[in-house]
Amino acid sequence: MTQKIGFVGLGAMGLPMAANLIAARFHLTVYNRTVSKAEPLVAKGAHRAARAGDVATPGGIVVSMLADDAALTSLVTGPDALAEHLAPDGIHISMSTVSPATTRELAAYHASHGSVMVAAPVFGRPNAAQAKQLRICVSGSAEAKAKVKPILEAMGQDVFDFGDNVGAANVVKLAGNFMIAAALEAMGEAVAMMRKSGVDASAAIDMLAKTLFAAPVYQGYGPAIAHGRFTPAGFRLPLGLKDINLVIQTAAEASAPMPTASLLHDRFVSAIAKGRADMDWSAIALGAADDAGLKESR
Amino acid sequence: MTQKIGFVGLGAMGLPMAANLIAARFHLTVYNRTVSKAEPLVAKGAHRAARAGDVATPGGIVVSMLADDAALTSLVTGPDALAEHLAPDGIHISMSTVSPATTRELAAYHASHGSVMVAAPVFGRPNAAQAKQLRICVSGSAEAKAKVKPILEAMGQDVFDFGDNVGAANVVKLAGNFMIAAALEAMGEAVAMMRKSGVDASAAIDMLAKTLFAAPVYQGYGPAIAHGRFTPAGFRLPLGLKDINLVIQTAAEASAPMPTASLLHDRFVSAIAKGRADMDWSAIALGAADDAGLKESR
Amino acid sequence: MTQKIGFVGLGAMGLPMAANLIAARFHLTVYNRTVSKAEPLVAKGAHRAARAGDVATPGGIVVSMLADDAALTSLVTGPDALAEHLAPDGIHISMSTVSPATTRELAAYHASHGSVMVAAPVFGRPNAAQAKQLRICVSGSAEAKAKVKPILEAMGQDVFDFGDNVGAANVVKLAGNFMIAAALEAMGEAVAMMRKSGVDASAAIDMLAKTLFAAPVYQGYGPAIAHGRFTPAGFRLPLGLKDINLVIQTAAEASAPMPTASLLHDRFVSAIAKGRADMDWSAIALGAADDAGLKESR
Amino acid sequence: MTQKIGFVGLGAMGLPMAANLIAARFHLTVYNRTVSKAEPLVAKGAHRAARAGDVATPGGIVVSMLADDAALTSLVTGPDALAEHLAPDGIHISMSTVSPATTRELAAYHASHGSVMVAAPVFGRPNAAQAKQLRICVSGSAEAKAKVKPILEAMGQDVFDFGDNVGAANVVKLAGNFMIAAALEAMGEAVAMMRKSGVDASAAIDMLAKTLFAAPVYQGYGPAIAHGRFTPAGFRLPLGLKDINLVIQTAAEASAPMPTASLLHDRFVSAIAKGRADMDWSAIALGAADDAGLKESR
């Protein structure tokens, strides 16, 4: 017997995630605002729903992977009425990068309408999604998490459980994205200092990314920053600003000031002011180069 | 035939480094201001010099591993007159974490007195020094670097060459220490946000240090920051301030502003103001906790 | 003939402003959510409306002085329907400290419903409002501004016109509040440095506030900061955070990063985390004292 | 009987200060490294000394107004031996903007050589010096301050006494310069936000400088910042960096972190990196404009 799952949001991340669910022999009903995005999945056997709410069945499971808090809120509480279509006892696996506050509010909305929401944001880019290499953070009701575990495992290489508090996984996701952006800025400043000092910044970053900082974040972004290669964008710069705004807002709600996050905010805003919105978010590293009077092209 | 080497500075780093040279069958003459520090090496066959200058012979090689710019300058240009004792053609391997400016000045002083200075600062703590696991960055004259290579390889697992400009390796060392301190601050802010949000910061940092940030810096310091364990100090906090001051000074000389370095400076100064001078430098992470109204003990 | 005016919002600022309008022989109809606040005005001859919308008459003029963007938006677009009650051709003088974006949106809403909105935010505390010493910044349609000028002049000592763009006066108001907060922070840091250096910070601030900085902001807040007197609050600290958030949001919309505003945001958030929400907003100056290890009481 | 005074340092500030002493009928012996600078004073009756030390007589009084800590230290402890030439009991009035630490060290050096040093740094530009409008901060031995008071009063409009601790007046001077620079930055950020928001920044700054900020700092620098006029320099930008470095160093020695000072440091370094070293120090305000993508010329 094959389990039926709904899936809403077939963007750069959602599409390969849904494909992995099909590959794992789940039976998918999918929805995307831009209809044509569903075609590759339909070709693999997915059903296409006419409206987002139609991917849900009472007591069923729906995965969502959307752009932002507004899109997610609209799915749950708007005309699509996901919370109601899943009742009684259906589960909404919310995988978008959204604020913990929105997650808690929507989980409460689900609860009051007879369904359950589990937060399951992911770390990884589209190529990681395709390769089933995502890292998935999950939080919410223990019972619901147990039910959806096979689904999550079909999309990622690891599932990390952050407990009952449904917003917790979103806090962790934001903390992780913050730490990545902080590393981008640190590399940007270090590279600017080295270039202005006449030192081979690329060799230095390579060395550091092989030794003390031998981790994906530094190995992936370090050479790009050292060589000033910020296109094509893996993750567009304005999305980085969106995430840093979520970080600052979440921290402010918890009364925790984050001066590095504030600096990052200013870097993102400045990058957009300077016309870098189409670059990868690692282009915030150019801020330190600009401040040092370095020219963009090298 | 065994090569004779002088070694000045038998602190927590210098002592195991010198011991590795002895183990590699170099013949050592050592000097340390606190005489008793030399005893373990004498027991292994090292000679003890009465004065620092006496470790040098004309045309010989001397390694120094000292506390700061002032100590190094004094060794080279003071009454110990290392630059002159090595002439003609001796080589001084300067392994301390000092400023590129001091390095360049002292290299010029050596040159004008008939000897050569090579910069060879290291990454790694005392236990890495002991295990011959140091990463050594080297810069200076190609001929001199070729001559000292076997000596460096006897003390570390890797030697990275940053070219002819003798201060370059020091710039890279400072860039690396800056990036470590920036990661400490980022973890401190992320942990404060998570704790104030009711999230298990320790589990989150563990996850990140296993995945995106699977590197020594995060794996080593992450749990300490998440659990608030800053004693005993592996690297005392005021030494971190010393290094960040070198970073800011080096960057300012190159006209490269580094806002994250400025933030780190303020964190170190504040930590000292709050009585944390005996803690590990990772205790700057408490700054974010203080700002969030969290109490130190947990 | 006496002109009739509606007035909504009788808080610490609105009450004395409305009283000055009565003193200037305008005929007032007033509304406040907490009904009893209107009593002193009723005693002076004002009419009390049962609902906010009832203060408006077609073609009339209404002044609002409310807490925030949400309250103002609700007044204009909610069930009170101020924009419609003023049509055709009535004028809404919006005097609250709100975002330029909200002002522009509500002005457009007014326009589409047949009425006009003028922005007229003020500088000055309740005692300045009482003494008719407010400084009023105004922007919007030239014709509407000409009509309301006598009303504004009855509430303040000066009216500064910032042109047709209806949000402009709000931008200026936010710029001014930002500059005040920046001065508070600068004094806080200077005082901390002086106290830790054993210098009489109070005498120093007095000197500066008599000479280079001989202006109300420094003369009013300087002694409070030097002596650590932050209660009773003239302007509560969370209101300062609200305004700095509006500054950052307005600047971000215009793609203008403001690092000092970011620092102020973090100071406000930290002050709230430390339990200072009931203090005056100048208590953000304690942040620098905390960082320097100084105790709050002296 | 006319009192004899020595005066060393006839730069843009020292020259008019010395002229005012002559006008007050003091009998001056002057010295300047560039000899020709003394000519206008010689024409008014001053004696010219061949060496700096020659302006001093045992038990006499010498005023110094020099460029930096190094020049002052050289005057007192170098071959000019001012401390010894004034012994026994002569007084050195040190009016340069230097660090409190240098002041304390040199005062101790004077004491050990039988003379006395009083710190008397000033607020005011060359035109204020000429108009006898300087504000003078003084600290040191009460007896010495009493003796030199008529001299100080001949150069300024006010003398503010900061007690016995000889470095105190220098701390206050640095605090004041810091607060000026912080106001420059705040205006720069506010102007950038307003320009990007389409608001007349010049009118707004004028309004603020007439009302809440009706003080010399804002009235003098505000229009320059709003209009982007930074030449000719009243106080060259690198001198501002020198002063901010003294602020940060003084604060760090007292364990008081100053994040706004750190931001200012970075702004000064960046302005120099961008080729603005010949502009007035208020040109740090361009940093915010650059970050917002605004072009320098307007």
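Letters A, B, C and D mark the chains as written, and numbering starts fresh at 1 in each.
One rule holds for everything that comes next: contacts are C-beta pairs under 8 Å (C-beta built on N, C-alpha and C of every residue); 3 or more make two chains touch, one makes a residue touch a chain.
Here the structure is a predicted model, which is why all the values come from computation and not from measurement.
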{"item": "Chain-contact steps, minimal, separating chain C from chain A", "value": "1"}
{"item": "Turning angle required so that chain A lies on chain B, C-alpha fit (0 to 180°, nearest 5)", "value": "180"}
{"item": "Furthest chain, CA centroid comparison against chain B", "value": "C"}
{"item": "Chain C and chain D: spacing of chain centres that average the CA atoms, whole Å", "value": "38"}
{"item": "Between chain D and chain A, distance of the C-alpha-averaged centres to the nearest whole Å", "value": "53"}
{"item": "Overlap residues in chain D, where contacts from two or more other chains coincide", "value": "196, 251, 255-259, 263, 266, 269-270, 273, 291-293"}
{"item": "Chain B-facing residues of chain A, complex", "value": "100, 123, 135, 137, 158, 160, 162-163, 165, 167-168, 171-172, 174-176, 178-180, 182-183, 185-187, 189-190, 192-200, 203-204, 207-208, 211-218, 247, 250-251, 254-261, 263, 288, 291-293"}
{"item": "Residues on chain D engaged by chain A in the complex (per definition of touch)", "value": "196, 259, 266, 269-270, 273-275, 287, 290-293"}
{"item": "Interfacial residue positions of chain A with respect to chain C in the complex", "value": "248, 251-252, 255-259, 262-263, 265-267, 269-270, 272-273"}
